[in-house]
Amino acid sequence: MTAAARAAECDVRVAIVDDNLSLGGQIWRRATDGSMPDSVRWTERLRAAKVTELCGLRVFHQPQVGILLAEGVDDIHELRYDKLIMATGARERFLPFPGWTLPNVMGAGGLQAMVKSGLPVHGKRVVVAGTGPLLLAVAAYLREHGAELLRICDQASRSSLARFGVALLRQPGKMVQGLRLKKALAGVPFATNSWPVAAQGEQVLESVTISREGTSETIACDYLACGFHLVPATELPSLLGCEIENGYVRVDDFQRTTLPEVFCAGEPTGIGGIELALVEGQIAGLAAGGRADEARSLFGERKKRRAFAQALDRAFQLRTELQRLASPETIVCRCEDVPYSRLSQCSSWRAAKLQTRCGMGPCQGRVCGPATQFLFNWNPDSVRPPIFPVRLESFAVTAGVSEPVYQEVTGGHG
Amino acid sequence: MSNLLTVTVNGVAVEVASQATVAVAVVLAGQACRTSVSGQARGPVCGMGICFECRVIIDGKPHCRSCQILCEPGMEVRTDG
Amino acid sequence: MSDATYDIAIVGAGIVGAACAHEFARRGLRVVVVDRDTVGSGATAAGMGHIVVMDDSEAQFALTRYSQHLWQELRRELPDDVEYDQCGTIWVASDEEEMTEVRRKHDHYRERGVATQALDAATLRNFEPNLRPGMAGGLLVPEDGVLYPPCAARFLLERAQQHGVQVRLGCSVAHLGQGRIALSDGLEIRAEFIVNAAGTGSPDLTSGLEIKKRKGHLVITDRYPGFLRHQLVELGYLKSAHSVSSDSVAFNAQPRRTGQVLIGSSRQYGAEHKEVDHAMLVWMLRRAQEYMPGLRAMSTVRSWTGFRAATPDKLPLIGPWSADKSLFLATGHEGLGITTSLGTARILVDQVTGAKPEIPIEPYLPSRVSREHAHV
């Protein structure tokens, strides 16, 4: 959103496109309650600059350089651009453990998104687990909405989190945020070195067993919000041919990818949180809009925020015990129900795909890919269209001139 | 101030706040969204449209990601479970 | 001869190489299989897995029919993940001209003992209600089937391993000949006989092989059980497979056991890169939509490409290579690799061991090609 607003303020025609029903992605999802003033400010700026908003559209292919195809509920859009800014964000990393497929076991961000989408959690007993700063934010949010927070468990060690806390304090505004969270979560048991070992239930989740420093404890609950930090959404950059380095999109100082007309900002270039994403977005928007000097003036702030990204990375490394949570019968690929035992016999991601169909389901490896990468050290395959499942008729469209031309397209989701 | 609207999930009426997603309606109805390939009940996980566990049949159309679709009055939602 | 490490070294762990390994092993020979990637990672991974009798020529018919029988014999032993399904093929006729072809094919197959049933428009609609109305009819070949090739290749190789066959995956071959295979890592394998079953990679290993890559596209949908019951092939497919130089598409749809619909097919010469060619894909999908309008709204989950190993006369090369007494070929199967893999293995192994093949082998001998060269 910041990229779109900034670019449009450079006097170029800008469109912003997102799969979600409204702008804001995950962090600013439905932020109409005043809790996120930045969201309001940037939305106003974007609208004042006359950015065209295209929500509910999934970009799935670029059949020709400069033309993206995006599918809506019952139509398809051709988006021609001179410059493209990708802000496809990140998604949670899910790791398998016995019982993780039970209904009401969700991601941490996943449960929060459901609550933002209308799921009532008042009086519901929730355990939050996994790793990453998202856990605390989600826990606080859920508590605000009436959930009974039974436990927050992070697999990170106490010392990692302490170091992270110190790094946080160095970031402007973070101390206030931190204190606010602390207040919001007063009285909620928080455990480090702690992770889920199994979820139990007949048809839905009924309890979760948490391990902590060698002992385990089973806690009856209604929801388990469990996510192991974030992985970047790099499907669109990969499809276009941008260079991906260590799983992240490689960009220069102006957030330009290895393709000259294509920019990338936010989590796909490195998981760094919202403030970093906001400044990277602005740099990309200004650079794409031709205002290099103004972009340059933000380099200092970006550098500061990048330090936070590095601290994040260090603090929330996954411990090896998590590789051994799955039992042989535990489903790892949820689309095709492939259990751990079958995958452990495969020598590579590709062999696993061919022999078991792991990764060949509709999620296109978005869930099982990061999981198997962590479990088996596999590297994912190359990306082919459609990068999101689409109706066959959408795929069968030749690119021709049928939609208005945008000078810049900013794409979210993926 | 939210209005309420009614959809049906597997033939049973469910009242939801307007602007609620179909996934919310299914969870409120106490149903699983889908049955997996090997017969397991599944519900929403990622909440953002990428895990495909929340797929349901809406007004006869299969494979709809319910977490990305707003409820509309009279919608008929079916899960295959 | 007596200091050779193996009796047979097979290059290629695709369906053909795996079938050959399986057949050699059954006859008690010491075999090693080498592949630069994983089992069934070439055309075997990409293709439709259709087991189909084809009557393009007597030779093609003989080999496909023979091999189809062998698959039927083997079916009871195939594990679940091979997903063998004798769903049958329906050759779909969209007009009267194609119905003439239906009748010709029907008689042709009947004379040769292949069960077939000519379907009029109404019967066709009964069998496949999701075909667009207005089709003229079709030909049902009930003994045709489908399977999932990567698991079939793995099964054959595992069976071979149970008989002592060695398998070396992730091993690139730098060159081969005269009873020796030199691997890229410097190691060497020696064998009395070498089998080049490397598909589109085979001309890189044996110079003079006239094998060209023929690119194909495929698309698979999400699960829609019951949408399709038989493998459907438009009769125009034959024109597509016939053409030796131009790009073509032909409607091909297969029900997978998962309930997904697998959609093909396309053929291109001269396309070297494996990226999806959007124009070809659109062409292929539009053709599919014409035949089955219900496909339009179906969720498409993946697309991919593959390369068929194509010979000039459209028949595979199965037999000795005259320039090298140690070398045999089992390659060039174009779109019939899965179907003819078992038959190929039988007649190849017969030739190596001096046993009498059960079908005439002349049409597939590599020497047919060199002979033509000699005449030129």
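The first chain written gets the first letter, and so on, giving A, B and C; residue counts start at 1 in each chain.
Everything below uses one rule, namely that a residue touches a chain if its C-beta (ideal position, glycine included) is under 8 Å from a C-beta of that chain, and two chains touch if they have at least 3 such contacts.
This structure is a prediction, so every number in the text was calculated from the model and none was measured.
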Margin query: Which chain is most central here if centres come from C-alpha coordinates alone?
Written below: A
Notebook entry, point to check: In terms of CA centroid distance, which chain is the most far removed from chain A?
Noted result: C
Notebook entry, point to check: A-B versus B-C: which has more C-beta pairs touching?
Noted result: A-B
Item checked: Rounded Å distance between chain A and chain C, as computed from the means of their C-alpha atoms -> 42
Margin query: From the mean C-alpha coordinate of chain B to that of chain C, what's the distance rounded to whole Å?
Written below: 43
Next item on the list: Please work out the Cα centroid separation of chain A and chain B, and write it as a whole number of Å.
Entry: 22
Next item on the list: Could you list the positions in chain B whose residues touch two or more of the other chains?
Entry: 37, 63
Next item on the list: Specify, in ascending order, the residues of chain A that touch 2 or more different other chains.
Entry: 361-362, 389
Checklist line | For chain C, residues that touch 2 or more chains besides their own | finding: 222, 258, 297, 299
Note to self: Which residues of chain C touch chain A once you look at their complex with the stated criterion?
What the structure shows: 37-41, 45, 81, 150-151, 154, 169-170, 219-222, 258, 263, 275-276, 278-279, 281-282, 285-286, 288-289, 295-304
Margin query: For a test of understanding, state which residues of chain A touch chain C in their complex under the given definition.
Written below: 61, 63-64, 347-348, 350-351, 354-357, 360-362, 364, 384-386, 389-399
Item checked: chain A - residues contacting chain B, complex -> 19-21, 26, 30, 91-92, 94, 101-107, 109-114, 117-120, 203-204, 331, 334-337, 361-363, 366-367, 389, 413
Check: Which positions of chain B touch chain A when the two form their complex?
Finding: 16-17, 19-21, 23-24, 27-28, 32-33, 36-38, 40-53, 55, 63, 67-68, 70
Margin query: Under the stated contact criterion, what part of chain C meets chain B in this complex?
Written below: 222-224, 258, 297, 299
